[in-house]
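Here it is, the structure in full.
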Amino acid sequence: MSQILDDDQRIIEFDVRTDEMLVNMGPQHPSTHGVLRLVLRTDGEIVSEMEPHIGYLHRCAEKIGENLTARQWIPYTDRMDYLAAMNMNLGWSLAVEKLLRYQVSEKAKHLRVLIVELNRIASHLVGMGAYGLDLGTFSPFLYAFREREKILDLFEEVCGARLTYSYITVGGMTADLPPGWLQRCEAFLDQFEPIIQEYHALLTTNAIFVKRTAKIGVLSPEMAIDYGCTGPVLRGSGVDIDLRRDGESIYTAMYDGYAFEVAVMKNGHYPRDHEYPAVPRDAILGDCWHRFFVRMLEVVQSMDLIRQSIDRYSQCKGALGEPLKLAEKLPAGDTYLETECPKGQMGFYLVTDGTSIPWRVRARSSSFSNLAVSPELCRGCLIADVPAIVGSLDVVMGEIDR
Amino acid sequence: MAEFLIETIGLPIWLAWTCIAGLSAVLILNVIAGGALVFIWAERKIAARIQDRLGPTRTGGRFGWLQSLADGIKLLAKEDLMPDGADALLFRLAPYVSFCASFCAFIALPFAFDTVGQRLNVGVFFVVAVLGLEVFGVILAGYASASKWSLFGAMREAAQVVSYEVPLGMCVVVPVMLAGSMDLVTIGEKQAGWATNWFIFHDPFTFIIFWVYCTCAIASVNRAPFDLAEAESELVAGFHTEYSGLRWSFFFMAEYGSMFLVSALAAILFLGGWNGPIPVSELLGLSDGVSATDPFALRIVGCMNLFLKATAGVLLMMWIRWTLPRLRIDQVMTTCLKYCTPIAAAMFLGVMLWQLFLPGGLVAGSFRAAAGVREGWLEQSYRKESADEESLSVKTLSRHVFEVSR
Amino acid sequence: MRGTDFISELEAAVDGALIGRHLDVVDPWLEIAADKLLETCRWLKDLCEIRFDGLQCITAIDWFEPDPKKAAKVEWEPHTEVIYHLWSTKARASLVLKVKLPRWQGNEEGKIPELSSVVSVWRGADWHEREVFDLSGVQFNGHPDLRRILCPEDWDGYPLRKDYEMPLEYHGMRGR
Amino acid sequence: MNQASFGISVSLFASIDWHGFFFLLFAAIACVAALMVVLSNNVVRMALHLVLSLGATAGLFFLAGAEFVGAMQLMIYVGGTLVLLVFGVMLTAQTQLVSLRTPAGDRVIASILAAALLAVLVQAAFSIESWQKPGQGMVSAPTATPLGMALVGVRVDQHAEEGLLAPKSGYLLPFEIVSVHLLVVLIGAAYLARAKRRRVPRPVDLVASVDSVEPRSSGNSSTTILSGGSE
C-alpha cells in the first residue's frame, strides 16, 4: 500500500523567484474556523513554513473549574467544543462518575447514546459545510445547515437550548424526553437518509473537490499517533481506533450490544453496511479527502446507532433517575477519562482533595493535538491548500483555547 | 437609421447624425449597465434557488427586483476608503481602467445585422484584444492597495488571464475560419437560416471547441471555478480587498460587463448571433434571406435573439459558480496549458481538414451553400457598388490566383 | 504481561526511576524520578514490550494552599506535580506517570522548576509542554521553542498557580 | 440656450474635422506619456505611462484605418508584453526599486542624445514628399484580406496586373521562421531563469511501506496496565 509520490504534485518549480514573504491568515480570516491565526512564510505561492497562533479564545475554564463543584462546571464544558456540546457534557459527567464509581440507570445510558450520536451528526454537518466553504463552494454549507437546524429543533425540545445545552450532567440527565419526541426524531432520520447522497454528489465525488483534496496534506499513521491526533483525523490515516469500542470500560459499557462498524479503511476498503461512493483513484490513505470521507461515513453510522438506541430506550422500563446533588462531595483522588467526540478523543482529568470542589480540572482537547500536526502537513504546499488542510482537520477554537 | 430621420422628420443632416451617434452610445452603455443591474439581481435569486432559499424578496415589490437599486444606493453612500500605503493615482485609476476595457469591447459587438457601434473588419480580434486589457485594472488595483493579499490576487489574476488568452484566441479562430472573415457581422450573417447553420452544429470539432471556448471564457472573466483572484477562502477578497463604495462597484460592473460580452461573443460566434433557430422571417417572406436588406423591425427581433442567448450564457455562468468548488492556481494553469490549448489546437486542425474536404458542413442542406473553400475564404461582403476604386473585385481576382498557383 | 511483572520489568530497565507506586486507586499511577523521566519515557515508547506510542495528555498541578489556616491541616507539603497520561494504540493499555517537582527552583521565588522535555520521544508533547510552561510554569529543557501558547507572549505570571494574582493592568487594559 | 448660440456651437461642432482632432489627441497622449515614462521616478508609474503611450499609438493606427495593425498593437504590445512587464515590475518593486533617482549628469547626456535623434527623425520625415500634404483621409476599404493575401504572395495593393500574373513569394515562410525563432528564445529564457530549488522535505516523503496499524483483537475495552497486577 506504500505509494511514494512520483509526480511531485506539491513541489512546483516556479521560474520567478520572488523573495520570502511573511503573510498571516487570520485571526479574523474567513476560512479559518473561528479565531485562529496562521503565519505563513511563503515563497511565491509555495508555503515554506506555517505556524498557527492560538489563544485568542482562551477563557481559562480550568482556573474557574477550581472554584466550582462538578455539576456547576458543566456549562463550561458546553463552551469548549460548542458544535458538539452534548459530547463534552457526557465526557465530563462520565469522568466524575468514574471517580465516584457511580452507575447511571439503564434508561439514562441509552438516552445518552441517542443524544450524543445526534449531536455527532450535527457537528459533522457543520464540518462538511465549512469545508465546502474553505474550498470555495457556498451551497453545501447551506444544505448542511438546513439539516442541522432540524437537529437543533429536536435538542431545543429536549433541553431548551440550541447550542450550549448543559443537558447531560453528573449522574444522568436534567430532564426526560418530551412525549412524541422519539417519533419526530425518527421522522428526521428517515428524511435525512436520502439527503446524504446529495452531499456525496455535491462534494465527495465532485471532480474539482477531489482534485483539491486528494493527495493534499497526507498524514502517515505513525505521525498521526506520534502527534496524538485522534478521531476522524486518525481514522482518516487508516488507524483503526474508536473509543466507543476501544475506550475505557465505563464508556464502552454505554455502547454494549450496539452493532456498529468503525469507519476506517481496513485492507483497502471502508465498511460496506451502506452503499457509499467509491474512493477516487488518486486519493491516498491519510489525505484530506479520506478525513472528509470518514466524517461522512460516521454520519451514517451515527444514524444507525440512533435508531438502535431509540428501540432500546423505548423498551427500558424504570425511571430515568435523578442527577446527583449540586454540591456532591467528591472522594479524594484523581481520574482521567477520554470519550470519542466528533472532532476526536476529548479527555477530562479531575483531581480532588475530598471537598465538593475539585482541586484541579484539566480538559485535553482533540483539536489541540489535531492542529499541532498542521505545520507538518502544510510545509511545501500551496497557499490555496492551507485552508484545505486546516479545514480537513475540522478544528474548533473553543476547544483548543479552552 | 439616419436617412430615416432626415427624410421623414427633415432634421438637418448634422443633427440627425449626432442624434444617431448619441443614441447608439447611450444604447450600448445603458444596455450593459442595465444588464449588469439585472444580472446582480438575477445572481442573488439564482444563488438562492440553488441553495434552497428565497433570496431578496422584500425590496421593491414581490420578487425584490429593486435589490440592485438598493445595492447601488448603498455603494454610492459608502465612503471611498483608501489605505494610507496606497499609491493614490494608481489606486483611483485602477477601477476605471478595468471598467473602460470591459465596456470598450462593446463598440465592435453587433446586436443585430448592422446595428453595431463601429463595424470593424477585425471585430473578433479587436474584442479579444480589448478583453486582455481588463487585467491591467486588476494588476494596478492589486499593486496600489499596498497589501500583500491584494498583490497575491493581482498576480494570480494576471497569470490566469494572460495564459487563458491563448486558448481563447484559438477557439475564436475557428468561427473566423468558417465564416472567412473576422468581421462579427459577417460571422453572424453566415449562420442565418435554420439552426443547423449555426457554427456549433457545423461539425463535431466546432461542437467541442464551443465547450472549450466556454471554459476559457469563464476563466478569462474570472468566474466560478476559476475565480482565483478573489478567492475568499485564501486571499480574503483578492485584489479588491481595499476597495469600497463606488470604486468597488466599478470592478463589479466591469465583471458583469465582460461576462455579458463573453457570452454575447459566444452567441455570435457559435450560436448564430441574432438569427433565431427557425428563419421565421424568410418563411413568412418578410425578407429575402439576405439579412443586409432586412426591414428595420426585424433587427429588433435580432437584438432580442442575441440578448436571450447572451443572458442564457450569463445564467449558465452563475449556475456553475454556485455549484462547483474553486480550483487551485496551478490546477487552473494546468487546465489551460495541458487541456484547453491542446484540445483547441487539435479541434482547429480538425475543422480545417473538415472545411477542406466537406465544405458544406455537417448538414449540407443550407440553401446558401457556400461556394468553395477559396471563395468562402475570399468572398467578402464589400462588393462595392462603385467598383471603380478597385481595379478588379477581389472575387474574380481570388479565383484566378489559385488557378495560377496550383 | 500485566501489573506486577510490568513494574518489575520497568525497574529492571531503568534503575532508580520508580519512586512510588499507587495501584489501589481509581486510576493507578507510578511516580517517576524527575531526572530519570526522559530515559523512562524512551524505554516505554521504544523498548518496552507494550509500545506506549501515544501520549494523551501532560498536566501540571500546583499543590499549594494559599491561606495559612487550611495550609496547616493539609498533609502534603507544597510542590508542583507533572502528570503524563500515556497509552498504547496496539495493546489498548493506558499508564499514568507522575513527577514531583519543587514549586520554585531551589525554593527562591520566580525561578520555575526544570524538567527534561519528552518532545524527542513523542512529537505531540510539543504543544502540551508549551501549555504547561505557559499556565503552570515548568521549564522543559530540550524543548524546540518553549514559548507561551495560550497567553500573550509578554504575559507575566503563571495563571494556574494557586497563588497567582491577576495583573492590575495589561497594555492599558484594566486587569482587576 | 437661444437659437443663435446653439447655431454657432453647432456649426463649430460640425466644422471640426473630427479625424484631425482625434489624431492630435492621440498623438499628444502618446508623446506626453512617453515623456512621463522617462521623467517619473516610480517604477510602476513608468509602466502605466508606457501602457498609455502604446495604447495611444494603437488609437493612431485605428485612426489611420489600419484596424488590423491597431488591434494587433493592442493585443500584442499592451495586452501581452506590457502585462508581463508590469507583472515583473510589481514583483520586484518592493522597496529599493520603487523610486529611482537618475543623477543630473545622466539627464544632460540623455537629453542631448534624445535631441539629436529627434532632429534626425524630423529631418527624415520632412524630406519625404509623399508625407507632405495631409493624408487623403480614410483608406477606402479597411479590411484585413489584402494582408492575408500579401502573406500568400498576391500583392493586391501594388500594380495589380503583374502581381496577378507572376505572384512573388509571399511573407508566409519568413513569418513562420520568425515565430519559431521567438518560441525558441522564449523557452531558452524560461529555462535560464529557472530557480534551482532544493527539495523541501515533506511528510509525504516519510510515507514508508505502511501497513495500516491492525488493532489487537477488537471488542474489549482498554484497561490500565497497572490494574492487572493488583486484581
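Labels A, B, C and D are assigned to the chains in the order they are written; within every chain, residues are numbered from 1.
Going forward, a residue touches a chain if its C-beta (ideal position, glycine included) is under 8 Å from a C-beta of that chain, and two chains touch if they have at least 3 such contacts.
Note that the structure is a prediction, hence the values are computed from the model and not measured.
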Among the chains, which has its CA centre at the largest distance from chain B's? C
Using Cα averages as centroids, what's the distance between chain B and chain D in whole Å? 22
Rounded Å distance, chain A centre to chain D centre (Cα mean): 53
What's the distance between the Cα centroids of chain C and chain D, rounded to whole Å? 65
Just how far, in Å, is the C-alpha centre of chain C from the one of chain B? 68
What are the residues of chain C that contact at least two other chains? 27, 89, 92, 94, 96
Can you pull out the residues of chain A that are in contact with at least two other chains? 223, 225, 239, 241, 246, 248
Residues within chain D bordering two or more other chains: 91, 213, 215, 221-223
Which category does the touching pattern between chains fall into here: line, ring, star, complete, or other? other
Of all possible chain pairs, which ones touch? A-B, A-C, A-D, B-D, C-D
Counting only contacts in the complex, chain D reaches chain C at residues 213, 215-216, 220-231
Chain C contacts chain D in the complex at 2-7, 21, 23-24, 27-30, 50, 87-96
Going by the contact rule at the top, pick out the chain A residues touching chain D in the complex. 1-5, 10-11, 13-19, 46, 48, 215, 218-223, 225, 238-241, 245-249, 251-253, 262, 264-267, 284-286, 376-377, 379-380
List of chain B residues in touch with chain D within their complex: 14-15, 18, 87, 89-90, 93, 120-122, 125-126, 128-130, 132-133, 135-136, 139-140, 142-144, 151, 154-155, 158-159, 161-162, 165, 181-182, 378, 380, 382, 384, 389-392, 394, 397-398, 400-401, 404-405
Over in the complex, which chain A residues touch chain C? Could you list them? 54-55, 58, 60, 62-63, 98-99, 101, 223, 225-229, 239, 241, 246, 248, 333-336, 338, 345, 347, 349, 351, 359-360, 362, 364, 368-369, 372, 401-402
